[in-house]
Amino acid sequence: MESTKLTFNEYPFLKELGLHENNLGVYHSGTWSGSGEEAVSLNPANNKPIAKIKMGTKAEYEACIKAMEAEKIKWMKTPGPIRGEVIRQIGEAFRRKKEALGLLISLEMGKIKSEGLGEVQEYIDICDFATGLSRTLEGKVLPSERPGHFMMEQWNPLGLVGCITAFNFPIAVAGWNAAIALICGDLMIWKPSPTTNLCAIATQKIINEVLDKFGFKSVHTLCCGGVDVGTAMVNDKRIPLISFTGSTAVGQKIAVDVAKRFGRTILELGGNNAAVIMEDADLDLALKACVFACVGTAGQRCTTMRRIFLHESVYDKFVEKMVAAYKTIQSGNPLQEGVLLGPLHTKDAVRQY
Amino acid sequence: MESTKLTFNEYPFLKELGLHENNLGVYHSGTWSGSGEEAVSLNPANNKPIAKIKMGTKAEYEACIKAMEAEKIKWMKTPGPIRGEVIRQIGEAFRRKKEALGLLISLEMGKIKSEGLGEVQEYIDICDFATGLSRTLEGKVLPSERPGHFMMEQWNPLGLVGCITAFNFPIAVAGWNAAIALICGDLMIWKPSPTTNLCAIATQKIINEVLDKFGFKSVHTLCCGGVDVGTAMVNDKRIPLISFTGSTAVGQKIAVDVAKRFGRTILELGGNNAAVIMEDADLDLALKACVFACVGTAGQRCTTMRRIFLHESVYDKFVEKMVAAYKTIQSGNPLQEGVLLGPLHTKDAVRQY
Amino acid sequence: MESTKLTFNEYPFLKELGLHENNLGVYHSGTWSGSGEEAVSLNPANNKPIAKIKMGTKAEYEACIKAMEAEKIKWMKTPGPIRGEVIRQIGEAFRRKKEALGLLISLEMGKIKSEGLGEVQEYIDICDFATGLSRTLEGKVLPSERPGHFMMEQWNPLGLVGCITAFNFPIAVAGWNAAIALICGDLMIWKPSPTTNLCAIATQKIINEVLDKFGFKSVHTLCCGGVDVGTAMVNDKRIPLISFTGSTAVGQKIAVDVAKRFGRTILELGGNNAAVIMEDADLDLALKACVFACVGTAGQRCTTMRRIFLHESVYDKFVEKMVAAYKTIQSGNPLQEGVLLGPLHTKDAVRQY
Amino acid sequence: MESTKLTFNEYPFLKELGLHENNLGVYHSGTWSGSGEEAVSLNPANNKPIAKIKMGTKAEYEACIKAMEAEKIKWMKTPGPIRGEVIRQIGEAFRRKKEALGLLISLEMGKIKSEGLGEVQEYIDICDFATGLSRTLEGKVLPSERPGHFMMEQWNPLGLVGCITAFNFPIAVAGWNAAIALICGDLMIWKPSPTTNLCAIATQKIINEVLDKFGFKSVHTLCCGGVDVGTAMVNDKRIPLISFTGSTAVGQKIAVDVAKRFGRTILELGGNNAAVIMEDADLDLALKACVFACVGTAGQRCTTMRRIFLHESVYDKFVEKMVAAYKTIQSGNPLQEGVLLGPLHTKDAVRQY
């Protein structure tokens, strides 16, 4: 049986991120709540509980949306370059918390530390990119057939964007969506994977620092929750765009549900990747690429390599190199320096494997 | 001594193009004139005179510009897609005269027939391209820092464009300039090379067919002439853009003269091209490319190859192939089927060579 | 009871378009077929039959797709500018048949002659536009984080596009889709409205003229048919993009069906348009706009005006003007000069109205 | 006679910017030098000397260029997004010194404090903009006529850019040029106005902070100097692009000199601006706009308003308002709170006025 004693205090970076032993998983209107089920965040490296999270109910989801609707016009009318400044400062806020947040990702998701830090860097990079977009997102002025007229194209915000993310990238994908949604004048509600709630809460807190300063309370909201929250979001006519990352089966169902209400989807689903190694390949380069593609994130990426097609003339040599390479890979606690292969994310994942 | 008897009647395609034994070299306002020097167009393949051209004076140049200034606003205000339709029909008009005009280029300039036809095709292609631009030439709508505002960029015509072209491409370069100038709402005055006046007059007549139909008389004008006309154009403040094709020395002088009056230039000057043949090159492919690059237009292009750098390991083999290839090239009258190498354009060119 | 005698011979332009008293409604692979139900095309102005059409079966639909799959690679690999030349010539072919095709649209659909001709002009314009795109459809070369690398974006064709059109624009919408699909390297199968088959067949024949010349037999195919053909198309995994014009209810169902197979849709569905006339409006300008918006295509457009909001201070005056204007509108046979309001398209439409 | 006692110590922000009573005006290769004339920076509000600057000689200019040539390849090959990170950090460095640098601009140039701060903000904004460009500066992938080919456009750096700026915007214009040059992979040498050397030196020091950290010593160099340095730069074939801000007469000469060597220019020269006040104008809005346009930067901007065209019906009223408004404008020491109109920049300017 698992120990139920929280290991929260073993990880000082958690406090730095504003987390507690008991956390609330819903944010909007400048306040935190959580009256749904209690989730326990587990460290996949040792299955010990880290902290607890009170997740959101459908009513709390509804409150998020109401709050966003109320703040919608104010954000949509904020000039692009001002929104750019908000997002630039969000990027700065992530820079300040990069180490702590990277460690949390590693702790809660199980990927190795350099990957955890890399994920925060992706959030930072997309903020810089979006800042640039704030002055370059352009419509067109086009010639018209009518004398004395021209045609003009101007891009307006959609309004609300719903973002549902997966466990394997607990914050990067949310960042890609949030930075682009916000720079376009959209507001985003985020439902993270139920097994990486701490990452999501810490991320929301970093964003809040900046949004608070500019007087925005519900431009980026969070609703940790289960299938009920996700289902409400997918079927919500007030959300014209749903961005989902996850399994192909769920993605297909979401595509249908959102199409039914004339909404739009961004779907980031499963992958099926192979490498082809030709007879004149640079085997050392190919080896590095293949090992990284197989072992990275413990094989839990959509871009993970599943198969290698080897030309018969290099087959033996390459297999030998691959086996040798695998022997050198240190597996274990992903927070530990030198470890290259962390745990699978859940017991279920181990079972399926 | 050269024969002075005109050979005009030997070439029936000249009449098809609306040319005569004696031609006027200035067009504007729907009428032709020519009170300057008389030029004689020579066939470089046999140095026999083809036809005569009365070129323009500075006063006639001035009349062209006055006529363009008078028609300027009407053309600039014509909607882009309507200008597109004008240019599309100009392309069609060139399609109908392609064979005759291609033969004239070959006759008067000296390039082989397939090159002459190719030049007309370039004119046609740029007309199609410009037609497409007529609905896609776009400005931008950009976000502003000020609430409730946006920034708008709209492209307006410059007005008059002056185009001075060289003998080696008697119509294609003028076409590139004309099609883009006209689609942008600009008007163009053209001073062709004094040795390819017939090509220019025939081209103007084809364009006139279409411009007449739409009621435009000076959107595209022609002023055959010498250095005095060219100089007047270069120093004319009413022409914000000068496009010049020719020697580097003249281009440099034009660059300075136009800069002095805060005008702009497009300069297409001399080239200096080499090929590098490596030891693993496909020698047959390289051979074809080199022969074409050396022999095309009798070596009178800006893109003509001047030097070949050969790796020592392929030197002998390649030189041998090149010599053999040159032996197969038939030189002679460029209008004649099978001839690949026509004459140099003038006696002067021969002397310099 | 309706007369069953075909009035085909009363309209000489039908023969000019290659139509007959009995027509086949399926085209692919250079041949026409039709082994499904027999449809009778009616003149909505007098309910008399014009000609008969043998529509396609599901098996014939399947043959269309097979033929397109077989020709797919050849078309996709045809260079963009060559595809542009094909489409330019299609535009020219429509120019030659503009009068006849415009009359057919008016006859079979019921819109007035100037609207019928306008629809052909739209087809022509989009061909010119697509020709321009053939040299400007661009990907991007983007900076990479990795030294010595860059990122490149290239747009590849999707493959097959399915296009289902409505009765109210029997050819224009198909043209918008076809020109853009073809220039992008896609092939298009078209299922027209079952009540405007003759327009579709005539259009396909005009296109064939050009495609035949370039040796393409199934780049643009036609499958007249009913719900069974439409359903097969919507659910066909070989067609990644379905473009549908029609009712909102059917569009919604198609959105769902195509989403289910991860396909994409372009939906052009119902509209609901109003005008607001303020107290300082130019009433004569407003009147013209409103009358045209209400009466055009006998109110059967997606852009037809349904309601007018009048400021009380102009209410009486505007209503009076509107009533007076309506009295001057001549209704009747749409082919007849002077008629501004043609019939509704079907008896059903009359009943519903 | 002017006092010669330096007032350096009265302004503590000067030390914060790394300035001294005696400064060197040339920077490259990580070191400062200055062996030319000694310039004295004057406070235009009281004509008292602030500090001294040893300006550069032609030999020192040459050393700058040599150093830039030596570092050129390294910077040009630095990936765009890395250059973007450098520029982002430069923006951050300016944020940290915004107050001090804004005060220096006000002190040395004479514009009021809010304008001084505004100029620093312009530098910061352009850095954010350039950071965004670092991932979006794009070439094109275009369709080719040749089967199996495509055309690719990639933008390469020019190399060295020379920037000559005017006294009225001592740092903003340099910033616009530097940020765009650097993000494009170009290196910039800057010759500031001889009367605002301290601003330039302080700016270079802020930039150096960041460039040093990334190991670049001559990507952005400074050569304070007189006409000899400017002339050398304008005629230097190693500098393909000269950006000049200043008088129309000098700009015209530069345009010619640079054209002579086939270089390119960006010229920001004199303006001549007027306002037209119509009879239905909102006079209060017009008043604000006109006062600001006349008084800002003490009328020393290229965008300064020179004339107002008033409709006769508003003439009296507007003149009255304007006179009343001018009476409320506090002139005096630009560093002082409440002052809206600072001094002209030099005694010469006063004399000319």
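Letters A, B, C and D mark the chains as written, and numbering starts fresh at 1 in each.
Assume contacts are C-beta pairs under 8 Å (C-beta built on N, C-alpha and C of every residue); 3 or more make two chains touch, one makes a residue touch a chain.
Fair warning: this is a prediction, and the values are worked out from it, not measured in the lab.
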- Item | Neighbouring chains shared between chain A and chain D, ordered by label | B, C
- Task: Consider the two chain pairs C-D and A-C; indicate the one with the greater count of contacting C-beta pairs.
- Result: C-D
- If every chain is reduced to the average of its C-alpha atoms, which one ends up farthest from chain D? C
- Query: What is the distance, in whole Å, between the centres of chain A and chain C, each centre taken as the mean of its C-alpha atoms?
  - Reply: 43
- Message: Between chain C and chain D, what distance separates the C-alpha centroids? Give it in angstrom.
- Response: 57
- Message: If a residue has to touch 2 or more other chains to count, which residues of chain B qualify?
- Response: 81, 134-136
- Per the touch rule above, chain B residues touching chain C in the complex are 81, 84, 88, 125, 128-129, 131-136
- Note on the structure: Interface with chain B, chain D side, in the complex: residues 252, 255-256, 258-260, 262, 265
- Query: Considering the complex alone, what residue numbers of chain A touch chain B?
  - Reply: 77-82, 134-150, 152-154
